[in-house]
Every structure is written in C-alpha cells, then in structure tokens.
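Both complexes shown next keep chain A, but they swap its partner, so chain B is in the first and chain C is in the second.
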Partner chain A sequence: MLSRLLAATQISIAAALVAVVVALVLGVVGGLLAGYYGGWFDSVSSWLTGLVMALPGIVVLLAARAVLGPSVWLSMAIFGVLMSPAFFRLVYASVTAVRNELYVDAARVSGLRDGRIISRHILSVVRAPVIIQSAMITGIAIAIQSGLEFLGLGDLSVPTWGSMLSDGFAKIYNAPLLMLWPSLAIGLTCISLTLLANALRDALERTVSTRRRRREGKVNGAPAERTAVVGHQDDARAATGEVLLSVRDLHVGYDQPDGSLTQVVHGIDLDIRRGEVHGLIGESGSGKTQTAFSVLGLLPSGGRVTRGTIDFGGIQLAGAGEGVFRKVRGKRIAYVPQEPMSNLDSAFTIGSQLVEPMQVVLGLSKKEATERALALLARVGLPDPKKTFASYPHEISGGQAQRVLIAGAVSCDPELLIADEPTTALDVTVQAEVLDLLRDLQAEFGMAMLLVTHNFGVVADLCDRVSVMQSGLIVETGPVRSIFNHAEHPYTQSLLDAILEDGEPRGTLGSRKEVSA
Partner chain B sequence: MLSFIVRRLLSGAVLLFVITTVAYALLYVGGGDIARRILGQNATQEAVAAKAAELGLDRPLWEQYGGWLSQAVTGDLGRSWFSGQLVSVGVSSRLAVTLSIVIGAVLIAAVIAVVLGVLAAVRGGVVDRIVQFISVLGFAIPGFLIALGLVLVFAINLRLFKATGYVPITTDVGGWIASVTLPVIALAIGAIASVTQQVRGSVVDALSRDYVRTLRSRGLGSGRVVYKHVLRNAGGPALAILAVQFVGLLGGAVIVEQIFALPGLGQLAVQSTTNGDIPIVMGLVLATAFIVVIVNLLIDLAQAALNPKVRLS
Partner chain C sequence: MNESLLDIRDLEVTYPIKGIGKQPFRALKGVSLDIRPGETVGLVGESGSGKTTLGRAVLGLAPVTGGSIRYREKEIGNLHRRQRRALSSEIQVVFQDPYSSLNPSLTIEQILSEPLTARGVDGRAARARVRELLGQVNLPADTADRLPREFSGGQRQRIAIARALALDPNLIVCDEPVSALDLSTQARVLDLFIEIQERTGVAYLFISHDLAVVRHISHRVAVMYHGEIVEYGDGDQVTARPEHPYTQRLFMAAPVPDPDRQEQRRADRRRLLAEQSAADEQAGAGLGAA
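Let's look at the complex of A and B:
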C-alpha cells in the first residue's frame, strides 16, 4: 500500500509539473511577445486566450483522451495548454503596464536590445506573480489529473493517486479506508500548494503596500520642535460669534501591523466660531486632512483619535461612536472633498446621490427631495439642472462634479462645512468660480467653514482666520490680515513667500476684504 | 444596447464555428476504426467498409464536416452511431440534469459567497481571517474529494440522502431534491470559495473608495452605504468570476455526475468519447460552447445594468 502510494506520488507530481511547464512556456512567452510587440500577434493571441478560456477543461480532456489514448503525460500537457491563459493574462497585463514606463524607454534609448530589456526590466516585474500562479496551477493540475484517473479514464498501467482512489471507491461499502490515503495525499498536496501561493502573495503585497504608504507620506517622522504656537490678537471683526467647534490637544495615530502606533497629528488646538471661515493651511503630509477627518469621524481604517477632545456645539466627537456621528454628519457638519470625480459613485445617477441623503437625514419624501436637489443644482450654477440630475458622474466635467458635491454638502443645511482642498483638482479657470460659489453659499447659509488648503492665495481669498500646520502641529494662528502682515513663524513666512513669488499682489487682500465686509 | 447584443451574438457564433471545426478535425484525426468498433470484432471486412461508407467516414474531412455543419444549422444534429438515438434528444435530456445541478450550485454559491465575502470585508479582523481560511480550504480541496466525503458521510453512514441515482423533477419534486442535494453541495463548495475571495477583495476595494467617505459624510449609515453603493460597485468583478465558475462547474459536473451516477452530460461525455461516437461528441461540444456563450452574454448584460460606465462599450 505504502509503496504504491509512494510510486504514485512521483508520477502524480511529475505529471502535474508537465502541465505547469507547458502552461508556463506558452503563457509567459506568448504574454511577453503579445504585450511587448503588440500588433497582430497581440490580437490573435488575445482572441485565442478567450477561446481557450471559454472551454470547459474536462470536456476537452475527455475528447483528447478519446483521440490520443489514455496517457497521463499527454493529458497533462493538454491541460497545460488549457491553463496557459492564466499566465498569458498575467504576463500580458504586467508587460503592457511596464512597456511604456519611463525606465523602459530610457533603456531603449540607451541602446539596449529588446531581448535584454525584456529579461532585465520586464521579467523581474512578472517573476513573483508567475511563481505564485505556478503553485496554484500545480494544485489544480493534480486535482484534475486525479479526477480523470478516478473516473477510470487514466492510464491503467501507471499507479497514480487517482487510480488508487478509484479502486477504493469501488470498495467503498466494504473498505472505506482504502480511499483515505490517496484522498489525504491529494487533499494535502492541493492545500499546501494553495497555502504556499497565498503566503507568497501576502508577502508580496505587504512589501508593496508599505512602499506605497511611505510614498504617500502618511508615515510621518517626529513632530516638529514643539515650540509655543504663535497666536495673533483677534481684530475687532474676526472675534465675534460663539465657538462652534473646539478642538483641544488632538492626537491622531495609525495602528501599524507590528502593533506600534504612528502619530500624524501631535496635539493641536483649533477653534471655529459660528459663521467664520477658518483656513487650515500647510504642506501635504502636515496632518490637516487628518484633522478634518477626525472631526467628521471618517479617518481611514487603522486611524483613530488617540488623545484630546473635539467639542462640537456641546457634543463630544473624539472617540464618539457611529450613532453620535450619524446625527451630526450631513445635517450639522458637511464635507466637500478634494477630488470631484472619485467622490461620486459612478454606478448611480447624480440625482439619486443627492436625493438619498436628504430622504435619510431630513426625512423628506422622494418628490420633495428631488425638487430641493434640482433647486440646489441650479443654485450651484449648473446650467441644466434636470439634465445633470439624470446624468451619471462620468457624463459631466470635473468642475461640474465639484459643484454637484458642493450642492450635496449644503443640501441638509449644515452649521459647519469642511472643505478639503476643494479647488486643488480643478482647472485654474474653474478654481476661482468654485471659490466664489463657496463664499456665496457660506454667507447665504450662515455656515462656519473649515477650509483645508496648501495655498495661501485661497486663504487670502476666502478666510477670516487661519491656522498654519506643520508636521502635525499648529505653528501659528490668528486673523488672516494679521498673519499676512506680521507672520512670525518662519514656516508661515516661507508659505507666504511662495505666493508672493507667484505675483499675487498683497495689496488686493486689504482692499477686497474691505469691499466684501 | 441592441447593437451590443447583436455584436456579442455574432462573435459567439464565430466562436461556436471555430470550436466545432477544431473538435471535428481532432475527432477525425484520432477517430480510429470507428466502423469496426460499432460492429464488433467479428464483423467482416466488407461489412466494416460498408458501415464506414454509410456513416460517410470514407469521405474527406471537409466534406464530412460540411455535411455535419449544414445539417447542424438547421437544428439536425444527426443520430448516435451506437444507440441510434437522435443527438438533439439525447443531449438535451442530459443537459437538463447537468444544468439543474450546475445552476443550483452557482445560485447557492452566489448567495453564500456574497454573505461571507461582505462579512469578511466589512468586519475584518478575526471574522476575516476565519472566512479567508475556510475559503482557501474550499478552493484547495478538489471537488471530487468533497463529493466522495459527502457520499461517505451523508449517504453511506448517515443514510440521509441517496448516494446514487436521479429522480426527474417532473416525477417527484421531493425525490428530485433528495437526489441533487449532495451533487449540488459538492459542486458549490469550490465555487463558494473562489467567489467569496473575489467578493471580499472587491468589497474591500470599493470600501476604500472616496465616494464611500463622501456618502457617509452626508449622514448615510455605513450599513446603507455598504448594501446599496459598495455592493453594486463590487458586483461587477464578482459576476465575472461567477461566469468563470459556471464554465468550470460544467467541467466539474462530469466527475460529480460519475460519482453520484447522475444521467447528465458528463456521463454521456465519458461514454461517447471512449466510444468515438462523433455525432454525440459534437452535440456535446456544441451544447457546452453554446451555454458558455449565452452565460457570458448574460453576465455582460448584468454588468452593464450594474455599472453605467460599462454600458454600450
């Protein structure tokens, strides 16, 4: 029994390897050629791939057996052909993605031959996923092969796991244990190959994701030297109104896979009064968006407020549960995002995305909500509200999408509007219009506004007060005019210098503010 | 939309043509002495030659295929060389059995996989790890081993279901359910595993999208956002993998039908390919390819309904 099992093991695994090698050679070579050179070879092989994938594998194997006779090796070779699309698609996708990368162009310009470029730059990209896929396919090949043998369609002269299982099945009533060993062998081999593939993929994904996170700058270094915040005296105009949002000693951190905590906001204080436009300015990675998301309770997964308080009109939001936030979001605090397109759900019409929250939050009927949505779309300056209402997000422009998002944000008449870089993703000509719209709506609805930006020009245009953020700390805060005229912190000064170089005349600030006030 | 369907049906027709051509050519090359096999070892040389002439086996390949094709487009798939049964009748009666277990398995797999996948993606943590572990096991263990295990436990030891045999739904609904339950479970487990992984992956992906945060910022509860917006966006990739599973299950049914002794396409396929019964094999190839084309078309239409961006492309 044992000796038969061992002999069967050799053949079963060797035959599975035949399948993998055939699939590898066809798929990888085909994928490389089709992906790298494109052209007719590309179209033909892509079409063939679709064809092969549309066939139920076992039926083909049965037909092949009828034609070519019962040979493990042959049927596994054919199975390899059937599995080659898996490699083809993998390699093809990677190669087309890499082909137009700059470093491949650079290699071509510097005179490397195609063969060398393929082996040096492209194979290194697909190597890991191909190894993973191979482990998977070995498992599938063993399963299919033993399945065929089990049906009695195998080569009876060679001992394999499947034929042993078939013998066992014939005696299932008398000696069910006969099935145990080949079953265990097949099952364990398939499981371990799949687990191996999964472990490899996980290892691979982990390195990729940490690399990406670092690039995005979410992992910040130590906080800036914690000196006293430079505070400016409020001038008469800015100081009025009760405090609506009061943030004290806010710390935000992200749990890391290794159990440690990476802090991105290191204890900030922030007050926003009713009806005030408050700018939160700083370079990317300074923690301003994290601060905004903390107030909304919408930090990305893994992120949380680790210390401090967020008092919003008497409600404590720091560490509050979903139930508390649901009473506040939309109705009292609203949010305008940075990137208009990705913030609309492409599967639903714009109208339905506006109507749904109003029905839920304000309890309006569908008809009332629709009327209000149409009125809002007209209010935010969309020329044909009815048409926009019925459109899908991909049918409108970025500027229009941002207007839609602004309409959505003010739809439930909030007290505080958090706008996260609302113009950064827009064309320069559209930016000014959207800022005007925000200013008008803010006055019309009497909302307070927290405007997150990296652009002092936007602050000058819109804000009453401003807080300057650097490396997770607020370094300077006060009325806009005071900060413009007497910036004390070197970081604030450098931000101001940046817009002066753009040629924005400082004089306009005073005069324009006078007019609007 | 209509032009999309017409285009897809045309490309499906081309696919059917290519597949049947290749299949016919292969069968012709490897057919061996079919007339001899039909008549048995004791038949005279003259009788064998006469039989071959009667079946048209002495004509060149393209003539034989042309004859088959011109009849096939009118719906006449010929008769089995061995039993004399009409191919269309034989195949379609078998098809009903296979489709009933495959469609049953796909539906069950879809429901369970969506529940498990969403649960794993939304809850994360321990729930996620447990679901992932189970689905890896379900993916890795070959379907026929699961089928054998089910037979051993539920049919032989517990005697809850019949181990073998098939009762048509038209004769006895209860008996039909009893006869297909184990095969459907055996087929569904592997599909559940793969589809769960895909649903989990695409829900995790959809959850991280910006619009999810924006919708929540408008005051929508996370449950509502998940069941209305996230599921709809995650549905496309999940449907695609379901289509792949359907094709895979048609193949998997061959083995499962053998184990449970169900008179489906699989059994017919095993018999006819071992005999070299070309009309039956061609009927099978045509039927499976046709189902695959139709399933893929339906899935594409469903995807277009889910996501307007896919529409008309």
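Let's look at the complex of A and C:
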C-alpha cells in the first residue's frame, strides 16, 4: 500500500510538473516577448491566448484522450498548453508596466542587448508572481489529473493518486481507509507547494525595495541642535491686524508599528495676523507641510499633534476632534493643494464638485450654489465659466484645475487660506498667473494666507512675512524684506546663496577656452 | 572649433495616436540645433513644448519621422537596434526622476557595472572602474554594495551621473536632472556637472524648464515652444535679454527672489503682456484688412 502510494507520488508529481513546465515556457516566453516588443506578435499572441482561454479544458482533454490514447504525460502536456494563458497574462501585465520605466530606457542607452535587459531588469519583476502562480498551477494540475484518473480515463497500467482513489472508491465499504491516503497525499502536496512557493519568493525577493520613499525619515527624529529662533523686528509694512492663528510649541509625531514615535516637527511657534500672507519655506522633509496639515487636521494616518497648541480665533485645534474641524474647515479655513489634478475627482464634473460642498457647508440651495460657482469660475479668470462648469477634470489643463480649486477654496469667504505649494506643479508662465490671482483674491477677500513653498521667488512675490523651516524647526522668522536682505541664520543664508536667479551666466564656449588657455 | 559634435536639422517626430481616424501627434515640427564638443546647450521650454522628445530622439528613444540627426557627420536618426548599441559609448543620458531611473532591486555596483560588462569589460576591471566613478561624483566607495533606496534624491542623481560617465561618452543628454532636487542639492549637482565637463570635455544637451538653471550651466540656450525652437543663441543673451515674445514672457514670469525687484518685475510683466496682446491685435487687424 505504502509502496504503491510512493510510486504514485513520483508519477503524479512528475506529470503535474510536465503541465507546469509547458505552461511556464509558453506563457512566460510569450508574455515577455509580447510585452516587451509589442507589435504584431503582441496582437497574435493576445488573440491566441483569448482563444485558448475560451476552450473548455476538460472537453479538450477528453477529446485528446480519445484521439491519442490514455497517456498521463500527454494529457498533462496538453493541460499545460491550456494553462499557459494564466502565465501569459501575468507576465504580459508586469512587463508592460515596467517597459517604460526610466531604468529600462537607461539600460537601452547603456548599450545593453534586449536579451540582457529582459533577463536583468524585466525578469526580476515577474519572478515573484510567476513562482506563486506556478505553485497554484501545479496544484490545479494534480487535481485535474487525479480527477481524470478517478473517472477511469487514465492509463490504468501507471499507478497514480487518481487511480488509487478510483480503486479505493470501488472498495469503499470494505476498506474506507484506501480512499484516505491518496486524498491526504493530494491535499498535503498542494498545501506544501503553496508554502514552498511563498518561502522561495521571500528568499529571492529579499533585496527588492518595498516602497520607494520620498522622504528619508530620521529614526525617531530627535531635533537637530536646537538654537534660538532668529526673529526680525516688524517693519513699517507689516500687517497690524489681530492674531488669527497662533501656534505654540507644536510637536508632530508619527506612531510607529513598534510603538515608538517618530517626531517630524519639534516645537514651533507661528503667528498669522488677519490679512497677512505668511510664507513657510523649507526643503523637502523640513516639516512645513506637516505643520500646515496639523492646522487643517489632515495629518496622514498615524500622525498626530503630540504637544503644543494651535489657537485659531479662540478655537483650540491641537488634538481637536473631527467635529471641531468640520465646523472650521471649508468655512473659515480653506485649502489649496499642490497637485490640482489629483484633488479633483475624475468621475464628476467640475460644476458638481464645486456646487456640492457649497450646498453642504454653506447651506445654499442648488440654484444659488450653481450661480455662485459660475460667478467664482469667472472671477478666477476662466475664459468660459459655463463650459468649465460642465467639463470633467481630464478636459481641462493643470493651470485651469488649480484655478477651479482656488475658486472652491474661496467660495466660503475664508478667514485663512492654506496653500501647500500651490504653483509647484505648474509651468512658470501659468505660475505667474496663479500667483497674480492669489494676490488679487487675498486683497479682495482680506483673508490671511499660510503659503507653504520651497521657492524663494514665490515668497518674494506674495508674502508679507516668512518663516524658514529646517528639520522640523523654525530657524528664522520675520518680515519678507528683512529675511531677504538681512538673513542671519546660517541655514537661511545657505539657502539664499543657492538661488540661481540673477546668477552669472556661463558665458560662451570660446570665452572659457580663452580664459583657460 | 566650429565643427559640430551633434547636428540636428529640420527634425520631425510624430507619435501615432491609437484609434482609427485619429490625427498623429506632431511633437517636433522641424527643429534645428547643433552642439559643439565640450559645449553645454540648454533647452528651455514648458511642459508639452517637445523638449523631452528632442532629447529622446537624440537617444534613439523617439520615432524620427523627418529631418536628420547627425553625430560626428554620421546619420543616427533612425538606427537599427544593433547600430544604436554601438553609440552607447558616445551618447549617454541622465533622467529627471532619480527614483525611477535606478532599478530598485540592483546594487549600485550592479547598476554602474552594467554598461561596462555589456561592452565586455571583465569583472575586476569593472569593479575598479565603479570605485573610480563613485569618486568622480563624490560618493564614498562603500556606496557600491548598497541599494538605491538607501540614498536621497541628490545622491541618486549622482549615481545616475556616474552611470552616464561609465563609458566616457562625448555627449550626455540631461533631461531635467535637477528639477526633482532641493534648492541647495540642486546647486551642488549643477556644479558637479560643470566640474565634470571641465575635466572631461563632455558636451551636454541640458533640458530644463527653469531659465535660471539653464543660464547657470549653458554656453548656448535654445527655447522651445509648441514643438519648435523659437530662439537660439548665447546663454547670456537668451536668458537675460530675450528677443522672441515667448521667451520674453517666460523670462518675465519667473519670480525674482527679492520682494522689491519682484514688484518691479511684476509691473514689467503686465506691461509686456499688454504690449504683446496689442501687437497681436494689430497684426490680426492687419491680416483681416489684407
């Protein structure tokens, strides 16, 4: 009994492997070639794949047996052909996804042969899913094969699990245990195949990056050296209104999976008066966006204000619940994001995305809200407000999308507008227009503005006051003119020195040669 | 001195658009440009102007449908894959996005030795060359065994520059290589580009949307608008005293990092726009009358 089971194991698994190898070779090679080169091979192979997938597998296997005789090897090879689309589809999808990655272009420019690019850069991407898929297909092949044998359609001279099942079934009243062992063997094999594939994938892909990181976070982000904030005296042009937003000793941290806390803002003070435009400038990872998001209550999950206060016109926003923010956000504090396109829902028209918040937040009727939306679209300089109102986001340009979002932001006549890099994604000529618009609207509505940016030109254009952030701390703050003309903190000075505008031109090629000669 | 390294004449690139009856997209409409050995030619333009397409055409990554690209007197516009590979030691590239231009699953050494081993350099010589390249871009030698994800944007861009230098090319196409970097990193990477050029005599086609960046690094500057070059000349002249109306608008739109001078620039820009639209109207009226 045991010897028969063991002998059957060999054949069952070997036959299943035949199916997998056939499917692998056809599917992976076809998928790689079709995905990488495209063209006619792509069309033909996709068409063939569709055809094979439409064929009823069992019927084909039965027909093959009728024509070619009962061979477990042959039927598994045919089954492999039938299963090859599973690999083809998988590989094709992965390859088309990476084919246009810049590193593949770079490899082509480096003079690598196509074969090498495929084996080095593209195969590594499809390796992991292919391993998992192989385990699944092997399991399916064993099951189908056993099924065929169980039905008595196999070669009776060869011992397999399926034929053992068939024998056992015939004697089920006399020796029910005869059924158990082959069933157990099939079940265990399938389970261990999946486990093996997972382990293999983990071992092979250990080196693959989990996720690209835009910001190199510091471990638990202890503040760098904490020096006193350089403050400048107000000049004659400074806004004199009452303080609208007052941030004191703000700390922002992110909870880590291991229970620790990574701090990204290490205690900052910030005051914004009514009608003042306050620039928050810093490099990536300096904590400027984190600060703006804490005021808006929009910190990503895991992030929270860990210490300090945010006083907005008498309302405490630090650690406030969603209910408090709902009364403030979109009514008294508005927000203009960096990426205008990703902040509009592509499934709805521009008009409906403007009208709905106005109905909910301002309690306007649909007709009133529509009128107001059209008036605002005209106000933000869109040439044909009615057309834009009826458009979907993909039908307008990035600059127009930003105008739409600005229209939405000022629709509630806010006291404070928070703009996070509002022109970074825009072309420079469009940026100039959007800056003009923001300046005009700020004057017209008399709102205060917190402008988060990394661009000193934008600060010079719009801001009354500036705070410079470095590694989660404000290092220098003051009226815009004294920061530009009399920066004292070394970091601010280094940033100002790095500015290229008005720098010396390189000169012509000849002039340099003459100098060096 | 006057002989060109790269000579582009009336170049046209047309992308087919999928779908029946759709007009193909003409990304470049007759572009002419030349680069001399050891020279930086800056290419400025806004998104969709065709500047990246021009770079990709030089690299053999865009379909050339008209005109010519001559490198050292030899046509390279529509080379076969095999002939193109032979050019890899002559023309190289540094892309904009330092995050997707390095394969995340390869170590820095594997990335840098790839172009070398493809040319048949043996393993030991390649390793030595990788150390040398890392030194050239001011990265420590222990960089070699690490993965791209362990580096910041600026460091990754240095690695991409090292890869471009591996085969000692004569021309590097730089497609917005500093746009994704922070201000201070940007200045350091630009200085590295200039230092490498002065040492090796490599020429750059330097593509950027930023007039100030281009002014800093370029000997000559070309301005692209809607698939055409509208102005081409000495860097100082094009970036400080532009003649074409579009370049003037571009120049005026860039904010100056000084509140008082920016106020002045803003007023100048308004005046320029008013003048230009008045001139356009006159031209339009003239045409109408004729």
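What we mean here is this: the second predicted complex is superposed on the first by the 324 of 517 C-alpha atoms of A that agree within 3 Å, B and C clash if a C-alpha of one lies under 4 Å from a C-alpha of the other, contacts with A are read in each partner's own complex, and residues count from 1 in each chain.
The criterion applied here is as follows: a residue touches a chain if its C-beta (ideal position, glycine included) is under 8 Å from a C-beta of that chain, and two chains touch if they have at least 3 such contacts.
Keep in mind that this is a model prediction, so the values were computed, not measured.
Novice: Looking at A:G115, would you say it contacts chain B, chain C, both, or neither? Reply first, second, both or neither.
Specialist: So A:G115 meets neither chain B nor chain C here.
Novice: Under the stated touch criterion, which partner chain does A:V428 make contact with: chain B (first), chain C (second), both, or neither?
Specialist: second
Novice: According to the stated criteria, A:S124 is in contact with first (chain B), second (chain C), both, or neither; which is it?
Specialist: second
Novice: For A:L495, decide between first (touching chain B), second (touching chain C), both and neither.
Specialist: In the superposition, A:L495 contacts chain C only.
Novice: I'd like to know which partner A:G363 touches here: chain B for first, chain C for second, both or neither.
Specialist: Neither: A:G363 stays clear of chain B and chain C.
Novice: In the superposed arrangement, what residues of chain A touch both chain B and chain C?
Specialist: Common to the two interfaces on chain A: nothing.
Novice: Can you check the complex and tell me which residues of chain A touch chain C?
Specialist: 101-103, 105-114, 116, 120-121, 124, 205, 207-209, 212-214, 216, 283-284, 427-432, 435-436, 454-461, 480-481, 484, 494-503, 505-510, 512
Novice: Across the complex, what residues on chain B touch chain A?
Specialist: 15, 18-19, 23, 26-27, 29-31, 124, 136-137, 139-145, 148-149, 151-152, 156, 208-211, 213-222, 224, 228-229, 232-233, 244, 247-248, 250-252, 254-255, 258-259, 266, 269-270, 273-276, 281, 284-285, 288-289, 292-293, 296, 306-309
Novice: Under the definition above, what is the set of chain A residues touching chain B in their complex?
Specialist: Touch residues, chain A against chain B: 51, 53-59, 62-68, 139, 142-144, 146-147, 150-151, 153, 165, 169, 172-173, 176, 179, 183, 186-187, 190-191, 193-195, 198, 296, 298, 300-301, 322, 326, 329-331, 333-335, 337, 339, 342-348, 353, 356-357, 360-361, 392, 394, 405, 408-409, 411-412.
Novice: Please output the residues of chain C touching chain A within their complex, sorted ascending.
Specialist: Answer in residue numbers: 1, 36, 38-40, 46-47, 59-61, 81, 85-89, 91-93, 95, 97, 99-106, 114-115, 118-119, 147-149, 152-153, 160, 163, 166-167, 182-187, 190, 194, 209-213, 215-220, 234-236, 239-240, 249-250, 252-262, 266, 269.
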